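Both complexes below contain chain A, partnered by chain B and then by chain C.
Here is the complex of A and B:
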């Protein structure tokens, strides 16, 4: 049997962490940000209605981007309070 | 001995940096949870001119975090109370008090004379408005925002083509994506910390002391003191989301709550209810929220429950909604307006915390 070789670590903030039920999450075999969004929307349908940015290894990215193995991926919602 | 001696003797700061602060003009938008601590430290540091813009009045529930104010100041305008406090402390800071909400029609004239803007507002429409006008006028913007136990901090727009808020979030979230005010509690220390960080960024930027958060955003978590700093880059859609010029900015609808067409004052609402018996007043807060409205017949339809159209609504000619501060009621008014077209549906400005609310 083939071993999973592509692992990523998710870090979530604010309301996204609330919806995930955790601020960290380890995921396997998620090669791109689009696949990640699809996975998250399927597992946590409420996220589909929320805006959030994605950072890979502490760099904000836009559009569909590849996620390298062992990457740390941050999910960043906007905050409005003051 | 000057009141600034302890910062002037800091290696690398000195008289030169102090003179830069003295010559600087800083505008603080919102004298609330973020604005209060930022103002206290900027005035203490010797910023020459400080503008304070806020149309809101002090409510008792503000006092856990808006530490410049006390019980005796409940009901007073925040910009006026803050200006009064700071003027009584220091003779050498020129305080400009603007007791108004920032709008697309007053933003240009109020912002253009300042060197740097601090966003201490508490809602998305104002944050996008402030970002856009700072980009159009070329003003550096110190941004901070909070959600429960977390805060964000950034310095935007320090030069032409610099990163700004729309590079992070090109478009504002829709109403339905924003948590309502009832769900977001906060310990006073969090905006305290974030507001002081904003003051620190402003001082560092104005004097060239240390490193600033340009092209970056910092996330801070109060519960474990973890910080997370991210590098930002230009978003391909951010520039096209901006208004092209000041005329376009002025005609844009940032859906400011104070400009919303569905809103009405307590005085006006109660007057209309008295005149027309086919009016209903609805409390959309959760059942445990206090204070209770006294002396006026009303129904209760909690925001968290189903927003069904009930027979009373169909029969009513005027529907008046209120909540704690006017945010949930505005959202419900907009929602009901879509299903009950043709009826007059209003959200009462400021909710039960408004100084005009009829509390016995």
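Here is the complex of A and C:
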């Protein structure tokens, strides 16, 4: 039996969602935002050239941050409301 | 007495109609301590882009986060300026050129608070709310906007 201890939900928006080809992704064993960026750049090389912020449970974070289990992690390209 | 405020929905599906704006103004006639209103209306502009003219903007948002953030901004602005009222509406979905996509409305006893608060709100909304606009250009090209 496989044990998965750390699971997160990724939500993508704007042009990031277009590059991912999805609004949502479920990922296992991604403990920090740095690991997440590494994983995304490897899976979706185009993202490396794009600017995007990361929000953990709806709060924007900067630098390398731990990602709690069951967190909702959002990939946010530059805002353009208004 | 401290007023208790709860997060309000700011999103409107499609353009914000002039009727909604007129009604919102009319709703304040009973609040006779107000001496000045300030209103900002964002309108979709027909920018010239590579390959054509912008026809519309399609807005999407990370709604939960945007509402939390809008609430935080609202509280900060109420704290900073002596306002009587504050209203924020932003479109989601398609808004054609010439139509209204953002409506910010502040009211106060004296004009300066309403004017300054309205300006600061607009700046913070554009900078801090997770909302994205995709411009539709007439040859069916799509261009993601970016606020500066």
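Assume the second predicted complex is superposed on the first by the 76 of 82 C-alpha atoms of A that agree within 3 Å, B and C clash if a C-alpha of one lies under 4 Å from a C-alpha of the other, contacts with A are read in each partner's own complex, and residues count from 1 in each chain.
Here is the rule we use: contacts are C-beta pairs under 8 Å (C-beta built on N, C-alpha and C of every residue); 3 or more make two chains touch, one makes a residue touch a chain.
Since the model is a prediction, treat every value here as computed from it, not as a measurement.
Trainee: Could you look at A:5 and tell me whether it touches chain B, chain C, both or neither (first, second, both, neither)?
Mentor: neither
Trainee: With both complexes superposed on chain A, which partner does A:49 reach: first (chain B), second (chain C), both or neither?
Mentor: first
Trainee: Once chain A of both complexes is superposed, is A:14 in touch with chain B (first), chain C (second), both, or neither?
Mentor: both
Trainee: So in the superposed three-chain picture, is A:63 touching just chain B, just chain C, both, or none of them (first/second/both/neither)?
Mentor: first
Trainee: Check the contacts made with chain A and report whether chain B or chain C touches more of its residues.
Mentor: B
Trainee: Check the residue A:82 against both partner chains and state whether it touches chain B (first), chain C (second), both, or neither.
Mentor: both
Trainee: Would you tell me the residues on chain A in contact with chain B in one complex that are also in contact with chain C in the other?
Mentor: Of chain A, residues 11, 13-15, 55, 58, 74, 76-82 contact chain B in one complex and chain C in the other.
Trainee: Along chain A, where are the residues that touch chain B in the complex?
Mentor: 11, 13-15, 49-51, 53, 55, 58-63, 74, 76-82
Trainee: Which positions of chain B touch chain A when the two form their complex?
Mentor: The contact residues of chain B facing chain A are 30, 32-35, 119-124, 127, 144-148, 150-152, 167-169, 171, 173, 176-179, 184, 186, 191, 217, 219, 228-233, 235-237.
Trainee: Using the touch definition up top, name the residues of chain A that touch chain C in the complex.
Mentor: Answer in residue numbers: 11, 13-15, 55, 58, 74, 76-82.
Trainee: State the interface residues of chain C toward chain A in the complex, per the touch definition above.
Mentor: Spelled out, the residues of chain C in touch with chain A are 42, 59-62, 64-65, 68, 90, 101-102, 122, 125-134, 144-147.
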